[in-house]
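The following blocks contain the structures, represented as structure tokens.
Across the two complexes that follow, chain A remains constant while its partner is chain B and subsequently chain C.
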Partner chain A sequence: MPEHEAGGPLGTPTLEVRDFLRRRREQIAQRWADEPLFRAVFTLSRDEAVEAGKAVVDALAQVADAQRVEDSDAAGFTGVREQLGRMSASRSRAGLSITQVSNELASLWPPVDKLLTSELEERPAEELRACTTALSTLMGTLRVVAVQTALSEGQALIDRQRLQLLEVATPVIRLWDGIVAVPLIGTLDSARSQVVMETLLNAVVDQHARFAILDITGVPTVDSLVAQHLMKTVAAARLMGAECVISGIRPAIAQTMVHLGLDLGSVLTRASLADALGYCLNELGVAVSGPADGSAVRR
Partner chain B sequence: MNEAYSRPEAGQVPVLRLGDILLVTLQGDLHDSTAQQLQQDLSETIVSAGVTGVVIDISGVEIVDSFLGRVLAEIAAQASLLAARTVVAGMRPAVAITLVELGLTLPGLRTALDAQAAMALLEQPVVRSHAGGMRRERA
Partner chain C sequence: MYTASEIEACLPIRSDMDLVWVRQHVRQAAALLGFGLVDQTKLVTAASELARNTLVHGGGGQLDVTPVTAGFGHGLRLTFSDTGPGIADLERALSDGFTSGDGLGMGLGGARRLVHEFEVESAEGSGTTVRVTSWVSRPPRAREER
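Coming up: the complex of A and B.
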């Protein structure tokens, strides 16, 4: 190692930083393993933390080798991107904000800087400064990569959950042979109404349903836009040859709709899902008899 | 049941006669000339054969525009003038959504899930409801 150091000019500061990182890989990883970020993520085994630290150091050396210390898209980072994402995700789960995670990442720099300074002590001040600048730039880029990864993971999670919400929120239930129902729960917006319409119409085809019931008991408010969406769904179902019944309009909503001047006159409505089902069964010619007096189903 | 193609020429929509009902199956694009020819064929056949119902099966139509919507409405209006009921059968969900988005809800048109349901619908007797519209009467 001393021969290497005494080997005269080593080229640019970046390449020197690279050589330093490769030489001190083990030491840096050991020091990082004591930092709060690694300690908190790898609680079980210190060896694992050291291994993770080594992987990060290797990535940094590779980026320095490619002379791309300022480029957060450098190829060297791809290997550790997933690991950094996992680390920052686990810190976020522990309740830390993205700023705090970023600060913890920043605290990885001083130990490396100390090592570098002590190693290049005998060098001229100018050279030393150039090297520390290159190193600090590299560590800054590492921070950017980690934060980028954390943010994109968060965005991916949100996107996934939005899709799941759309799927979960619109189940189509087969109530009887030829009768399907969609119990709508929560606020209806354009995207959701579109999904409701599509799933309902597909269910009408798949299950050969002559009747479709839209139950809006769980819809808190109905404005003109929601009403328009409901009308569209009803019209589309009718075009396909199915009859659509809207049920579960609550008294307050009925008042609002009348005040807004919304006309659902052409749409068949029933007070509750039970009434709507009763109407559909009656239209299908299915008689339901009660246990005691055999009274027919309500209309 | 006598069954015959009204005009077995190429580029035309075949019109099948099944008893008192005419069955038209639309597939793919409908061009202006074809649509006009179909309307003419239908009205002539309704008069000459004395049919009481027309079933238009559009389950083979994937893409729809306002033109097709207008043609369907016109056929229904013509048939109704000649005392025949028209039922559009087998509309796909995507087609229904497109028509509704275009604002073509075709209020005067009867619809059915498929051709079989349409035939069953036409076999039922008709009563006039108080609103003036047609209503199915259950046996």
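Coming up: the complex of A and C.
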């Protein structure tokens, strides 16, 4: 044993792997540049891929140096986290599932393992095994880091989009003096109906609205919760002195609501937004004259 | 025609976001099977009610979607299962206006009226399974009272 110790100055498998990574930095990066993952992400130049590969090797060496091969939070990974995230994101955009991306990351291991094995060939089997185990643990952790980064980026994106959706989907439109309308689009869950109610009530105050039209043409499903949200909104608007009209109830939705046993009897409803506007204008005593032939607006 | 893999699914029901996915999948599956617009809407609404029950009262669970055939008819079966506290008084839970939460109390009874077949298995403390089936064309045997 001692004569082999001389080859590896510090002896422990992890540090052995660290030294190996530092020695073979260039070769590993070159081999990785030929792997599908790097080839697909860095399409412009091979040099770019090699540089990226080197950054990853450096990070791995740093983690090994800190003796934290199993720790995906190791400081060494911080530097390459963004790069790994970018690489996984770019593969996901190309249509790969997270499993496939993870498999591509796994394929980075064999070339390094081969290098390591050939370099430590003459070492006793036990030592060699310890080194390859350390390396494979390290590569596994790299995979975890990459997948973690990809997932957390995806989650951040989803959260942002959800907030955007809350903002975007609830405009209050002034249709006439004293008439405001909210076109509801998409799913009316509790969070969104809260936003709708707030913006609508504010608009009722700001615009001195006597009528508020809730148009549900863009709501695909009206179940009991959606109906409950609608009725609460109507009741709140009524307290503020505005009468609510619900419009845009499609035939299929109307039948479903009847079967479901939902009773909107206390709420004014109209089939279309135009009908609802006609009703409100009529109630306000606004006459809209038609074209030259004098045909009246429909009520 | 459709393939079973486009319809068959096991969807988790763990959050409000999952409900959106449940509705979308049921709508797609119903459309593939040839349900008319009204029947699609009914089934999706029933699924929405039952999935919300699974989430709110059952503390989360899952939905299994399977296509079924009987004679000439084919349809869609939705199985909602949770491991929550179960339903203590089924008769009362199915009656309109009864709610253990702060909803309208129309969910379970309403969903029963929106589908052709409706079964609930529940025991206190051991979770609830609700199985509903709707047929594209009427099933060959006489339909039970709805």
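Everything that follows uses one rule, which is that the second predicted complex is superposed on the first by the 236 of 299 C-alpha atoms of A that agree within 3 Å, B and C clash if a C-alpha of one lies under 4 Å from a C-alpha of the other, contacts with A are read in each partner's own complex, and residues count from 1 in each chain.
Just so it is clear, a contact is a pair of C-beta atoms (placed from the backbone, for glycine too) under 8 Å apart; a residue touches a chain by one contact, two chains touch by 3 or more.
Computed from a prediction, not measured in an experiment: that's the story for all the values here.
Once the two complexes are laid over each other on the shared chain, residue contacts for A:Ala236 go to chain B alone; chain C is not touched. Legend: residue contacts after superposition of the two complexes on their common chain; A:Gly285 is shown touching chain B, with no touch to chain C.
Look at A:Gln27: by the touch rule set out above, it reaches neither chain B nor chain C. Judged by the touch definition given at the top, the superposed model places A:Val205 against chain B, while chain C stays out of reach.
When the shared chain is aligned, chain C comes close enough to touch A:Thr187, but chain B does not.
When the two structures are aligned on the shared chain, A:His259 is found in touch with chain C, with no touch to chain B. According to the touch criterion, chain A has no shared surface contacted by chain B in one complex and chain C in the other. On the chain B side of its complex with chain A, the touching residues are 88-93, 95-97, 99-101, 105-107, 109, 111-114, 117-118, 138.
Note for the complex: chain C touches chain A at residues 16, 19-20, 23, 27, 37-38, 40-42, 44-45, 48-49, 52, 96, 103-104, 106-107, 109-111, 113-114. Partner chain B is touched in their complex by these residues of chain A: 197-198, 201-202, 204-205, 208-210, 232, 235-242, 266, 283, 285. Residues 187, 189-191, 220-225, 227-228, 251-253, 255-256, 259-262 of chain A touch chain C in their complex.
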